[in-house]
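Here come two complexes built around chain A, the first alongside chain B, the second alongside chain C.
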Partner chain A sequence: MTSRLASAERAPAHSEEPAPGSPGSAPPAARPWYRALLSWMDHRTHLLMVIPGVGLLLAMVAYPVGFNVWNSFTDRNLSFPTSEWVGLANYERVLTDAAFFSAITRTLVWTFSSVAGQLLLGFIGAVALQAVRRGQGPLRLGLIIPWAFPSIVLAYSWKFMLDPIVGVVNDVSMRVGLIDQPVAWLGNEATAMPAVVAMNIWFGFPFMMVALLAGLQTIPVEHYESARVDGANFWQELRHITLPGLRHVIGALIVLRSIWVFNNFDFVYLTTGGGPIRVTETLPVYAFQIGWTNYDIGRMAAVSVAMLGVLVIIIAVYLKVLRVDKED
Partner chain B sequence: MATAVANASTGPARTRRPKWRKDRRRQLVGYAVLTPLIGFAVFPLLWMAASSVKTPEELYTFPPTWIPDGVDWGFYRRVLEGTQFTDFMVNSAVVGIGSTAIVVVLSAMAGFGLARGGFPGRLFVSRSVLVAYVFPTILYAIPLFTVISGIGLAGTYPGIIIVHVAFNFPFCTWLMMQYFRSLPKEIEEAGRVDGLTHMGIFVRVAIPLAAPGLATTAIFGFINSWNEFLLSFVILGGGERRTLPVGIYNFVGSEVADWGPLMAATTLAVVPTLVLFLVIQRKITGGLTGGAVKG
Partner chain C sequence: MTHSVNAPSMSRPISRPMSRRGFMRGVLGTAAGAGALGALSACGDDGGSSSSSDGDSGRLVFWHNYTQEARVNFMRDVADRFEESHPDTTVEIEVVPFPQFPTKWPAAQAAGNLPDVTTVLPTVAVSMWQAGALHPMEPVLEELGGTSAFSPGLLDRSAMYEDQHILLPHYVHNRLLAHRTDILSEAGVSLSERPSWDEVLSAAQATTKEPDQFGWMLKLSASDTGGGYLLWMLTRSADGKFFDADGTAMLDTPEVKRATEFLVELGRTASGPGQVNYNINDNFSLINAGTTVLAEVSGAEIGIAAVDAPDIADKLATTFMPTDVQPGHQMGAVSLALPKGNNPSLAQEFAAFLYAEENYVPFLHTIPLFMFPALASANSPEFFDEPTIAKYETTAQQTLTGVEEGSPPGFEDGPNPYAGPVFNSHVIEQMLQNVLVGGADVDSALATANQTVQATLDDISSRLG
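Up next, the complex of A and B:
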């Protein structure tokens, strides 16, 4: 019995295959033909179960991406039915477009400042919550809820707060003397990007906080105890125990969040639409404007391919700098 | 990371040897730091909800009143009766439920196959699924539109449902794969010995055991579909089948937004998510942080 369990072989399969030389058993060929098919399928059940979903993924994601790469060499446009092979002309146009390079710069600013802000606030919050040691459960749940809300709700709640006419941010800023008269935060070239980044930090820091808190709780309490016996102060504990203990969590968080923030289309598009005068036009928004607003699929595809290149470089740099793939 | 978060929420925190004065001071500093952070985290959405029950006169004054004078449902009435909001909500529910039903079946099958199968290329497939998960939507949204409109499904329920299934499949498969891996193999092996086919084991043994995992996956699938903007915007455009995010986006026609009804609409849009949160309270933190989802 134990040997059967270990091999997990199906019982009837055994009984159908007679022991060699046992007399009076039917030859295998007499089995109905569909039995063989069923048994063949049974042995491949796992593979067959993966096929429908992966097939759909190939059709709905991989094929369009491949189609996109193909398009990047054509002059396909949504307003014309036919398209022609144009070679590298799209890439040439993209690479000579100053807006493309400023979009890359803006995307890097957007990504780095958002992730840095989220991480900083999240870390401060996690350490504070760990020190308070009360209400961790409800706070963890309560603060993370907006993470699951539609991006349009988050974007519009901020757009409303930052409104130049009735916005509450103007009210508070004027009360504390930060500004003299109402400011159109999202409509002003100097403040639009900081405003969108502030919103993204607001969105992301509770998540960082929850993830870092979980990381903090994996650091053995004994480390802190022996540090205290040695007379270490808070900053020394932070520097020599907490940060090294969180290194891997922080590394993973930075990589994952950077990819998401880099890819993020909704927040920028729904708050500023890339404006005013393109100061918040990140790469996804830039690609979307070319492809959807100008129907220029070929050129958008070239932008997408270039964007993928930038993304790969960012991930590679992060992995190199943080060495998250390396064990101690 | 997922398991770390999940475990942390269940495992009791180990008690520290008391060092009262030092701990007390740290606790006070902790409170002083946490209070503004929590305020910052909750204010925008509370402000949205508070503003949605103001009267038009109160909402459009500057400086704004911090606490509404009373509860006025006027904006809600305008949203529900004067706009297509309820249509959008129905569309979102149809798309969310339809795509979730399909994606749960597909991802349970794929998750089981990847967790238990030993076929060649299994590792490659599971890694590709993870790559698909972090792949920027913008890179395939518009080519996907040409594909979907090519088969005549642009602006229809089947079109957007199939797109949302594909959009959700990587994350849901990843969740289900993790869940099936956490189940003891011995029960399935016993079923095998008792003469079940692999399919029989999946349907009769693995699925009942994985019911909590299926429920979690379904809820995340629904929330993701409910929230999704870019693909719905491209596939559905301004048509009759617009989902809620696209519909709300179209409310803002020009530069000047009608904030009252808009805040009522966005407040209503988060109600289903809140309800689902109450249903699965504890599991949600692990699941949400597990995949470091979206954003």
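Up next, the complex of A and C:
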């Protein structure tokens, strides 16, 4: 037991310098310059701890964003070796291009329709799946399968299904009498955007469903039992228990999915290329056309900065409406 | 009690707090050690990018776009033999499909990682040259025996830019009009070898049986250059052009208007729904399924059909593209270029080696009818005796005639910096969609497109000075 007591004694100081004013301490001698540096660093160890994280953040986020903003003020073009500072010329050109504002409108339609559809279907799926007592795991797994495929596979599968000549959608729709003749779903200006939105809803709703299902399972069962004792019906439970209980999850899902869908490029480009006659040309497709067809990196950077501005506004409105940031 | 006796000694290191200075020492010591190790390893590592002083050994990076197994294996075999004849040389091959290439080379240039040799399309090569990413090919050309080593006029139409050969064609091909002979016969229609516009339009209309068979299904997707290339071929057929050598847009000329009207008529009367979504790559399935009776193809589609769908291939025949005052040839030249990599002298040797007798024709034969000779000496019985090529000799001869008479799209006046951006902007596909789907009239659609093209050309001209 003595050894245990000994271990509880205060460990001797390991500082190489004697404590100032301690008995027997020698008068301070001239300190070499590096000791001052070491001492300075010694008192800022916490900064050392932070440096890797900050460095990583700067390298991964701040540098690309900063470089992009810098490019937006130049006439950088990959086909030419030099670039010059052009001030706001790229922004002026973008903001006077009617196609840019049309692309904003289409992007808002694409984003809001997709997220709303995904949320609605995801919510219905989650509520339905929660009621399933057996086989919930396989069902959940089965519904999330779309996420296992690369977007190019999904895009071409949908393109094939919606093909006006060999597509199954037209075939089935004609057999059941929904349409009289084949429809070029992706080639018609009235149906192209709804078609790609439908595809995106199909792709995204399982993610919503799984997240909402997890949220549903955190709501205490006692709340529902109490409500039923008080005579609440399904809709009243939904309105007063389920939706308030999922508020945080729904808020986070809407914000996250809006950012992802807003920036989505591959689904639209691989299915319609932004056509026909630009009715599906969203901002990412518009930016791609500028940047990677003409190598006009400066103008593409200006578009992407403008996109960031639009996205920030959308998210700010979301947060205001949902008041996620003011919740306890 | 043994446990209680041992416990303090075991916990002792934990109970001693680490001083901040000790921590700092540890961190600085680790950093210094890592730095020393890094320096040592760098001394022993060639970094994969060093070049030998004599240029005869080292690491050579070769990008090619040949994705098919037969061509991938052949290129590896060529590289292995090059390594054998050049001791201490390593040839690293990276397959870079053409759709990835336009975004990959600028990133590689920015990172200082350009390959030493690459395959490239002429329009992209001009952009690379403008950006200072290419060495001239003159040393390789001299090694091969000068311009006469290539098919007559080929280099002027595809490789000569700013008085330098910025690329050398590796192989060539040409667009032809393929047709299903069985369906044309059923409709009682035939096509001459140089069919006129009217002849083609009549055949396409006669073989259209909606809703699942169309005379000529157009491919006008805005994510593809198929629509632009097709209109350019028809415009060339009418002896017109999209822009002149000085960078003036010419979409408002009568020749372009006539070609556009012909294409619109085809689109309205002999093409089908979905034409604004199809890409050139859909050609093979559209022909095989009988969805389209006519299609603009290269020999490649015939060659692939001969292997994958011989029954269909037996029913395919080709003519030249529709003729107005001349056939609208669109020559393709998949070429070799020398980016500013790390081993330029070895790169020149390797590029020349790809044209060596033992490599060249055997490479063209890896996928018969896919590739046609750019080298004059390879235009020989050795090439034509391959069984599939011999079977489709007419297609092969039409291709080589087209190569002699045609040019890459937009290069009718020789390589220029305008063609790539004009076709890549998809302004032609947008214009055709405006007419066929949006109901715009041809004149106004062409006027709008002409303004857009002129703005693109002006941008380029201003940068060129």
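We take it that the second predicted complex is superposed on the first by the 262 of 328 C-alpha atoms of A that agree within 3 Å, B and C clash if a C-alpha of one lies under 4 Å from a C-alpha of the other, contacts with A are read in each partner's own complex, and residues count from 1 in each chain.
Convention: a contact is a pair of C-beta atoms (placed from the backbone, for glycine too) under 8 Å apart; a residue touches a chain by one contact, two chains touch by 3 or more.
This structure is a prediction, so every number in the text was calculated from the model and none was measured.
When the two structures are aligned on the shared chain, A:Trp292 is found in touch with chain B and with chain C. Of the two partner chains, both chain B and chain C are touched by A:Ile165. Once the two complexes are overlaid on the shared chain, A:Arg247 sits clear of chain B and of chain C alike. Contacts of A:Asp42 after superposition on the shared chain: both chain B and chain C are touched.
By the touch criterion defined above, A:Ser79 lies against chain C but remains apart from chain B after alignment on the C-alpha atoms of chain A. Contact with chain B, but none with chain C, is seen for A:Ala131 once the two complexes are overlaid on the shared chain. Look at A:His223: by the touch rule set out above, it reaches neither chain B nor chain C. Touching more residues of chain A than its counterpart among chain B and chain C is B. Of the two partner chains, chain B is the only one that A:Val210 touches; chain C does not reach it.
Looking at the shared chain after the overlay, A:Gly275 reaches chain C, while chain B stays out of its contact range. Residue overlap on chain A between its contacts with chain B in one complex and with chain C in the other: 4, 11, 38, 42-43, 45, 48, 78, 159, 163, 165-166, 182, 270, 292. Those residues of chain A whose C-beta lies close enough to touch chain B in the complex are 4-5, 8-12, 38, 42-50, 52-54, 56-57, 59-65, 67-68, 71, 78, 121, 124-125, 127-133, 136-137, 139-154, 156-161, 163, 165-166, 168, 170-171, 174-175, 182, 202-207, 210-211, 213-215, 217-218, 221, 224-225, 228, 234, 249, 252-253, 256-257, 259-266, 270, 284, 287-288, 291-292, 297, 300-301, 304, 307-308, 311. Considering their complex, residues 4-5, 7-9, 11-12, 15-17, 19-24, 27, 102-103, 106, 109, 127, 130-132, 211-212, 221-224, 272-277, 289, 291, 417, 421, 424-426, 429-430, 433-434, 437-438, 456, 459-460, 463 of chain C touch chain A.
The touching residues of chain B, counted against chain A in their complex, run 1, 4-5, 7-9, 11, 13-14, 16-17, 19, 22, 26-27, 29-31, 33-34, 37-38, 40-42, 44-45, 47-48, 51, 59-64, 106-107, 109-110, 112-114, 116-119, 122, 125, 128-129, 132, 134-144, 146-147, 162-163, 165-167, 169-170, 173, 186, 188-190, 192-199, 202, 223, 226-227, 229-230, 234, 244-245, 248-249, 252, 257, 259, 262-263, 266, 269-270, 273-274, 277, 281, 284-285, 288-289, 292-295.
Across the interface of their complex, chain C is touched by residues 1, 3-4, 6-7, 11, 14-16, 38, 41-43, 45, 48, 75, 77-81, 159, 163-166, 181-184, 186-189, 269-278, 289, 292-296 of chain A.
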